[in-house]
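There are two complexes below, and they share subunit A, which is joined by subunit B in the first and by subunit C in the second.
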Partner chain A sequence: MAKVIEMRDIYKSFQIPHEVHTTLVERVLSIFRPVSYERLEALRGVSVSIDEGEFVGLIGRNGSGKSTLLKLMAGLLVPDSGTCRIRGTMCELLELGLGFNPELTVRENVALYGSILGYPKSELAKRIEGAIDFADLDRFKDVKLKSLSTGMHVRLGFATALQADSDILLLDEILAVGDSEFQGRCLESFEEQKRLRKTIVLVSHDLSQVEKFCDRVILFDKGQVVDSGPPAMIISEYRDLVSESMRSKAAAAD
Partner chain B sequence: MTTSADVAEAADKRPGEWLDPSTRSRRRSNYGSLILQFALKDFKIRYTHSVLGYTWSVINPVIFFGLYYIVATNFLSVEIPKYPAFLLLSVVMWNFFFEGSSHGVGSLLARADVLSKMVMPREVVVYSALLSAGLTFVINLLVLVVLLWATGTDIQRSVMFFPLMLANLIALTLGVSLLLSPIYVRFHDIGYLWNIVLQVGFWMTPILYSELNVPEKWRWIVWWNPVARILVDSRRSLVYGLYPGTRGVLITTLYSFFILGLGVLVFRRLQAKVADYL
Partner chain C sequence: MQASRAAAKRSAQQTIRDLLNPQRLVSSIADNRELIWQLGRREIKERYAGSVLGVGWALLTPLATLGVYTLVFGVIFQARWAQAETNSIADVAIILFAGMLAYNVFGETVSQAPSLITSRPNYVKKVVFPLEILALTTLLGSLFHSLMAVGILILLNLATTGDISDTLWLLPLPYVPLLAMTAGTTWFLAAFGVFYRDLGNLIGIVVQLLFFLTPILYPLSAVPESLQPFVRLNPLTSVVEDFRRILLWNLTPDWPWLALSTVLSLVFAFMGYACFMSLRRAFADVL
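Now for the complex of A and B:
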């Protein structure tokens, strides 16, 4: 099996927002103070490799580093150290929609974001129609996006991303919003993508969907990979991890 | 019969070459159309709830031109030959620098919604900010042409220097935008600072007045100010039909393109980290 994503020994840290020096004055003053700002170690030595045609789920508690890893895969962030390599075309759908512009209409948004995603020029019109159709927003084609609901937003984002027809699809929490009808359609399209031997990396808290669709699940905790393997096994490991931490918290409270 | 080696080879072919994901954005081909689309959408959003819409981009400089004209000729008793053409040219060029650089410097932050979620060549938003200021500039230049015609300005062959001055102005504005926009993402002071620079710049640049109004001992301020250099030579070549000095033009051109080069270098260095701060 050919690898399409390879992340080796990745470290990534951020300055925690309230500690970030956003003004030059603060920055200058901080030279005279002992360095006090904390660094948030989002990823600490993570190595992951993903094969072509695999459908991989990333699970873990909030802040465990899975979304950061997805952003590194997308090339949106660069690691502090370690190497990321990908092969093939890639489309990322991070955090609810693509960052659509609320002041533009549905069609204009798809056209703009489709261009960013690299829709070929010759197929632009066809793909825009395809995306709007998939999102079931035909009636709202010329309506400004700000008048649509959050669910519709996400639907449109997913539809636009699918039309990019990339080899690799990175999805962050797209199943969380959207009604059951749309979820059904998403899942159908997952099957389709699988048939086409596309690679999908999905971050989700919906464990039942993860179990149903993923070939492999990777469990993250505190910026590290805890385990990787068949969905059922890893998910139960995750449940143990959560309940254990709740127990230890309860114990600490006593 | 296919051997496992064949299968492996076929599989190996399909995914293509390995590449660093942070560089993949640069492989996309529709660069130009992206810049244009961003600029047009920008434009559309800007004038979306206004009755006069795009006309504002003409009304604005014309009103300021009128205001400055009244103040300068009646209150300050500025006496400069061909003052209407002199003033409109200066106002229009300054206006482009003002609008282009202030939108350009803020462009990465203004587009945080896209840039924090999608991989794309980030300089696209800087270019598109400039392009949308450029559209206004073109229309304003047309107004200028009308005024030059109406005032019977005699266009001499020295006008051939004017396109070079426009190129310098664009290079300078782009350079400043590329230089400051990635720093602005990290230090919001840059926004306030640049705003002050522009306001000080308006008075310290010979826009309302001529460089000849500046006393000799202050003249260095004019020569160190790239916008002033561009304005002075533009007026000479377009309004007065005079050839600007070759040495002066050379210095102005080197100056503007040096800032552009610096901007490109700084942008390249800092752009990878931009998403960390958006």
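Now for the complex of A and C:
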């Protein structure tokens, strides 16, 4: 089967300065002091390949590197070393905020994000309506974005991303916020995407949903891939990992 | 349909030598023309969104400036201008205004440049976006303002002299070095602004100083002979002079200087673009 995402031996680290100098005096003094950095190794030799039409879930504890990997796939970050190969068009929906402008109306925001995502001009109006309709925000389409609730915001983001009709969809924590009706609609659209042989990569902490939607789950820990396989198996592995670390922490506390 | 995004992705993985190829810039603009246009329009709309007068501000702002200039330089200082026919108060104000509207394209855009990227972290961290076009959309906003001002100027000139400059059709020519120069500076500043937040403060001073160092409030001929070469070094000098020549005095641009500043500012624009593109891959790590 054709591989749409192939990442080989990816390393990515961030340098975070230890102290932030905010006043002028501190800043001037800091010139004479060596700056110390916290070196955070977000990914240490990760290799992942994803087939066309696969629905893959990435799970792991906070800071295990899932979201960093997703950003590398999207091309938003550049790896320190390793290769990253993507085939096909891609659309990413990372975290809640999006590139949306709170001062513009819902419709204007969708139009803006749509043109960033490359909606064809001839279909722009139709797709904007489609997105607003899917997000069930018809009533609010001329309301400023800042007046929407967090859940509506995410719904709108997902609907807009879906309308981009790209081959690969990267989703970071989008299911957690919507209500059950919207989640039901997401499920339907995921089925639809699967039928169209689209590839979806999903980062989530909601294990029951990962189990329900994904064909395959990849477990991350401390910047490395621990295991990859069928959802039920990997999720129980993840639960073991978490409880083990809780036990060892409790033991250390004693 | 995904041309712009593909281009953004491609550009994130370029070597510097690749980037210096002018073709890259041209194809980036061509790929993203629809998006540039959309965002440029949005930029203008956003600036006036929610205000009662709306786009009326774009007319009111230059008119107010013109009023102040007339008062200060025409009435109080009673400035005189060698080339002006009558040297009436209105004449002087219009001359100053012509220089100012050219400079403002540069000043307005460049002032926003250091925060161009830092104020839009979402465009860096959450979507794949051709960041290089932000400089152009901001430029489009300033261009819009300057065209409004040109409109006012032509009407005022018509009202005072009853005449429209014969060489008006040459006006696009000095716009070329002006826009290229501005775009290049904006790319440099936007890229370095991500890493050095000090630039935001610094550039406020520089834009103000450069305003007085460019022959806007005085003709180039008023500068002492020995200092003129230094004033000429400023590429905006010939642009400002040409704006006045074309808009007010029925003259053709100063061709040799126009050619030189066009070539130099285009080279500068390409360098700014290359610098921006080679630094942009580090943006997401810093923001």
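Following the convention adopted for this analysis, the second predicted complex is superposed on the first by the 234 of 254 C-alpha atoms of A that agree within 3 Å, B and C clash if a C-alpha of one lies under 4 Å from a C-alpha of the other, contacts with A are read in each partner's own complex, and residues count from 1 in each chain.
Simple rule for what comes next: contacts are C-beta pairs under 8 Å (C-beta built on N, C-alpha and C of every residue); 3 or more make two chains touch, one makes a residue touch a chain.
Everything quoted here is computed from the prediction, not taken from an experiment.
On the superposed subunit A, the positions of subunit B and subunit C overlap enough to count as a clash.
Using the contact criterion defined above for the overlaid structures, shared-chain residue A:87 touches subunit B, although it does not reach subunit C. When the two complexes are overlaid, the chain among subunit B and subunit C that reaches more residues of subunit A is B. When both complexes are overlaid on chain A, the residue A:52 reaches subunit B alone and has no touch with subunit C. When the two complexes are overlaid on their common chain A, residue A:73 makes contact with subunit B while staying clear of subunit C. In the superposed model, A:4 makes contact with subunit B only, not with subunit C. Look at A:166: by the touch rule set out above, it reaches subunit C but stays clear of subunit B.
By the document's definition of touching, neither partner reaches A:217: not subunit B, not subunit C. In the superposition on chain A, the residues of subunit A contacted by subunit B and by subunit C overlap at 14, 71, 74-78, 86, 90, 92, 94-95, 97-101, 103-104, 108, 111-113, 115-118, 121.
Contacts from subunit A toward subunit C in the complex involve residues 14-15, 71, 74-78, 86, 89-90, 92, 94-95, 97-101, 103-104, 108, 111-113, 115-121, 166. Against subunit A, the residues of subunit C that register as touching in their complex are 1-6, 8-9, 12-13, 34-35, 38-39, 42, 46, 49-50, 120, 122-129, 281-282, 284-285.
Residues 1-2, 4, 6, 14, 20, 22-25, 27, 52, 71-78, 83-88, 90, 92, 94-95, 97-101, 103-104, 108, 111-113, 115-118, 121, 167 of subunit A are the ones touching subunit B in the complex. Residues 8, 11-12, 14-25, 28-30, 33-34, 37-38, 41, 44-45, 48, 113-120, 186-189, 272-273, 275-277 of subunit B are the ones that touch subunit A when the two sit in their complex.
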